[in-house]
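What follows is a set of structures for review.
In what comes next, chain A is part of two complexes: it sits with chain B in the first one and with chain C in the second one.
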Partner chain A sequence: MQARSLPYLLLAPASVFLVVFFLYPAIDVAIQAFTVEGEWTWANFGDMVDHWKFESALWNTLLLAAIVVPLQIALSLFMATMVTKMKRGRDLILYIWTIPLGISDLAAGIIWLAILEQNGFLNSALFGLGIIDSPTTILSYQNPWVLLIAVAIAEIWRSTAIVLVILVAGMGLIPKEYYEAAEVFGAGPWKRFVRITLPMMRPSLQTALILRTILAFEVFAVVIALAGTNMPILMGEVYEWEFRLRDSGVASAYALVVLGISIAFTIFFLWALRVPKGARV
Partner chain B sequence: MTRLTKTLLLASGAALLTTGFATAPVMAQEILFWSTQARPVEEAQAMRDDVLAGFDGPGEVDYSPQDGGPFITRLEAEFTTGEGTIGLIGALHGDFSALGNDNLMDLSGIDVSSLGISPALLELGQLGSGEQLYMPWMQATYIMAANREALPYLPDGADINALTYDQLIQWATNMAEETGSPKFGIPAGPSGLKHRFFQGYLYPSFTDSMVTEFRSDAAEDMWETFMELWAVTSPASPSYNFMQEPLLTGEVWVAFDHTARLAEAFNQRPEDFVAFPAPAGPTGRGFMPVLAGVGVPVTAPDQDVSMDLTSYLMEPDTQIATLRATNFFPVVDVELPAEMPASVRASSAAVAAQSASADANPGLLPVGLGDLGGQFNAVYVDTFERIALAGQDIRTVLDDQAETLREIMEEAGAPCWAPDPASDGPCPVN
Partner chain C sequence: MTTAEIAAPAKKVRATDHRSASRWLMAATIVILCLWVLVPIYLILVNTLSSPDQVTSWPRQFFPSFDLGSLTFFANYQGVAYALLNSVIVALMTMIFSIGLGAPAGYALARFDFPGKNIFRVIVLMTRAFPLPLLALPLAIMFIQIGLDDTRFGLALVHTMLAMPFAILITASLFMGIPYELEEAAWTLGCNRLTAFVKVVLPLVMPGIAASAVFAFVISWNEVFAAAVLTIQNRTLTAFLLTSLNESPLYLKFAGGAVLVIPALFFLFAVRKYLFAMWGIANR
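Moving on to the complex of A and B:
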């Protein structure tokens, strides 16, 4: 009996924690989104869609994810390939590359703000080199594309490491024999990458994509730091409605939209990158 | 059960218990002062060391400044359970009106008659209930500040202490054209107080109203005038939260903001900055007084100590210490000592000139909106963002936002406040 119950006992604290602090609030949020003063209604969603910022918040969030996630995957694949090829100093490089993982997203936003603001490092450097006559406002509501790019750069800088860690682990699991066989048949490096590495990495790519996409839809602090209210995003609107406008119903509706998109993408990646049963290692 | 299991269970149980206690109530004799004011680290520390250390109570005062979200969340949790650890609430008038009158104790028992608190302020503290639900604690307002370098660009014949909005636009235009970049700024960032600029300054100055004439022709003219000013306003304004920062870096030379949010500029470089009243428009010099108060929640653990602390905060000496700590002015009648911080000297003159000017037209803080206060502010912020940032048509935006404003006023059932004439029912939006 003891041996059989032990795993459950060990899992219990974590499970209780998750139920109390995640599952229960999540259900509560879902109920709040569909009720106004105790009555079931779609009104919160109506208010959300009618608000003039909804469309741009949704669009900005999707656009940001569409820019950031593929770039991070490509970049991480490239970095992971380089790291696995290294003979010495591999750990050191990995540690350095994963430093941004240890930085909170707000801190990352503030670091990039310090670079890009009017009195920031970039302006000072350009001014010092005589390239510009006076410091200019880079992060301005007048250049929404610049804001988007600045946020994308900060996000890529901050969170590529998490993808990298997953991909490096996945790459290490690919048996050497496949590459050796391919080489015997004369496959070049690109062909080996496309025909062996990528297909064999499906499971880790899937994990990395799901994790990063969900995080991309939750982007908040970096945008707040760099773009303020000039670039509405879904999580920013959740905060806005909950704490500034004091309307938990609409805030919950926004949160459910984020949840819905995240679930949709998770299902998509689970399906698109599934490994056929017979092909599992 | 094996010995290992037992040990693990005990350990996890103990861990849960300790985390439970870490957030649990402080020791009984301490009094928790839960506040939305004096949030910057230096101000909070000054509150503890210079203001609250002198309180002769049964225990220390634990001063805990909070952001709006956590502030309200914990109070609501305590009100819901009917059991609390917060002994005293320090907040703005608008925060109190969102708490619910039933949750605040009547402080009429505290004798403040000899302190010379303005009856208008005491009445605001009643929140329309007839009971003293919060005690006026400290006050401030919004003024203008300028770098001395900006003064040569003032238009001819303009008196900095009696500017008009047209002169301000001309001044900002001169600076933008002659220095190469706009030098006027407003705090339009995420936590900037830009809505007060529209509610308490532009609207009263151009429409003699804050709510009723929201979408009038005068309001349309007002937004057109604002857009002239906006064209020569620093495009980084939507990222400014406290104007003292761009003033100190020199990004901005002339700025509008809350006195407490300009203070550092005067304190760090008193010789470089001047404070002056807000400009006047066709219907007077609109300005908005700000009031913070202290209140005792019905769930306070020891209400007598909370009341004692409230009276302590009203004492003239405490009020002066509070002024030094927070840059908020006393609400009681008190003579300011000569050696006050530079920000106090600079802004007190401008505040006095502003409220005493012949064409002064005060726009009071919203009253009776309850927890719709945030949405009320959002109407003005959205109007600004749609017109100035998104470039939408002024008339369309005003008509659209006026509907939202009307719904809010009707839902809250709030009658008009100055400068709008008193109304019987909810304040109408024409």
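Moving on to the complex of A and C:
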């Protein structure tokens, strides 16, 4: 009796927790988005779309993800390739490169604020080099593109580490014999990278892409720290509607938008980078 | 001497030249990438270790004056000490809950085959494709109904939801790494299931479990959105800093940012050995 019921007993606490704190709220947020005072309605979505910030929030969030995620994947592939080639000091370099893993998005925003604010280090450095005469405002609502780039830099700085860890772990699983065989047949470094590394890394790339894209859609505190409310993003609007405007219906509608694009991209990456059965290592 | 004999060493020299040049290039690139990570952290520390006047002066000095003015201002600022305490308590609770709930589940996944195992795995993996902080919205309403609103316990439960899936997957892989035969041997020597687990398995997985506990701590310590939504009086440090971003002076923000970063650095250093094993496996 014991052996049969034991796994269920062990799973029970975690399962109950998942139902109460994951499945139930996930359903509840959908219900809230589609109801106003108990009536089924699209009104929350109407309010959301009619609000002047909606379009720019959606656009900024998608654009930011489109800039940040591909650059992070490319940078991480580059870093991972270098690390696997290293003979000495590998552990130290990996530790340094993964430091941002422990840094929150709020702290990252504040760190880059120290560099980019008007009297900050970037302006001071430019002044020291004689490029500018007086402090200029970098983070201003008048140049939305600069705000976007500043947020993108802070995001790339902070969250490339997680991609790097996943890719380094994946790269370690590629059998060395493949490279040796390719070298015997005269494949150069670039060809080996494209023909062996990239295809073999497919599962890791898929994981990294899914994880990072979803996190990119959740971007919040970096933006608040660097751009305040001058750069609307989806999570910022969720917070705004929940707190300032006290309308959890519209906040939930925004939440469903974040959820919707997250799930859509997850399914896309699962499909686009699927590994055919029989080709798995 | 034939031309071939002259050409051969020359070619060799050029090849080594080329190789050492590319080695230098690689070393330089690695150093630049290290600086890219480290310089921003150094600069926030410069700000934190300078006086408030220096932080707002122009042009900025690139070396700290080791003045504790900013830090003492931060420490004495209304609400900071309490927020710091809240952050630590919530993170500790998250750590205990996520390991307490996650490790048994991880053990079950690693050791048993049973109907329903796959459904459970899929739900756990599903949480990864879900913007979890959003769950704070419906939970905020639920917490008001059951009296958990604006409490450390309530926030810790939400943070546990963020950290527990990791704990389950990581501990499952840890337990899989311990041969089942060891446990069976312990049974034949007079242990029952529980004593075999406590005496044989637990000592072997303890370092790994400690590492994933630290990971849970960092997840909670760094979380901003749910903390800001769920707390008003009992703000954690992240929520406190976020909500005071508009009105607080720059040197307060910088000191706060540094205080957020420093513990994370130590924790990461403590678990660095497990980082790749954890992520490599937890993402399969």
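Basically, the second predicted complex is superposed on the first by the 267 of 281 C-alpha atoms of A that agree within 3 Å, B and C clash if a C-alpha of one lies under 4 Å from a C-alpha of the other, contacts with A are read in each partner's own complex, and residues count from 1 in each chain.
The rule we apply is simple: contacts are C-beta pairs under 8 Å (C-beta built on N, C-alpha and C of every residue); 3 or more make two chains touch, one makes a residue touch a chain.
This is a predicted model, so every value here is computed, not measured.
Per the definitions stated earlier, placing chain B and chain C onto a shared chain A by superposition produces a clash between them. Once chain A of one complex is fitted onto chain A of the other, the partner contacts of A:119 extend to both chain B and chain C.
In the superposed model, A:243 makes contact with both chain B and chain C.
Once the two complexes are overlaid on the shared chain, A:142 sits against chain B while remaining clear of chain C.
Judged by the touch definition given at the top, the superposed model places A:228 against both chain B and chain C. When the two structures are aligned on the shared chain, A:172 is found in touch with chain C, with no touch to chain B.
Touch counts on chain A: comparing chain C and chain B, the chain ahead is C.
In the superposition on chain A, contact is made by A:6 with both chain B and chain C. Remark: of the candidate stretches 37-45, 73-81, 181-189 or 217-225 in chain C, the one overlapping chain B after superposition on chain A is 73-81. Residue overlap on chain A between its contacts with chain B in one complex and with chain C in the other: 2, 6, 10, 13, 117, 119, 135, 224, 228, 239, 242-243. On the side of chain B, the complex with chain A involves touching residues 1-2, 5, 8-9, 12, 16, 67-69, 72, 98, 180-181, 189-190, 234-236, 238-239, 249, 251, 371-375, 377-378, 382, 385-386, 389-390.
The part of chain C that touches chain A in the complex is made up of residues 26, 29-30, 33-34, 36-38, 40-41, 43-44, 47, 56-60, 62, 100-102, 104-105, 107-108, 111-112, 114, 116-117, 120, 123-124, 127-131, 133-135, 137-142, 157-158, 160-161, 164, 168, 193, 218, 221-225, 228-229, 238, 241-242, 245-246, 250, 253-254, 256-257, 260-261, 264-265, 267-269, 272, 275-277, 279-280, 283-284.
Residue ranges of chain A in contact with chain C, taken from their complex: 2, 4, 6-8, 10-11, 13-15, 17-18, 21-26, 28-29, 32, 79, 82, 85-86, 91, 93-107, 110-115, 117, 119-121, 123-125, 127-128, 135, 157, 162, 165-166, 168-170, 172-173, 203-204, 207, 210-211, 214, 217-218, 220-221, 224-225, 228, 235, 238-239, 242-243, 248, 251-252, 255, 258-259, 262-263, 266.
Of all residues in chain A, those touching chain B in their complex are 2, 6, 9-10, 13, 52, 117-119, 133-137, 139-142, 224, 228-230, 239, 242-247.
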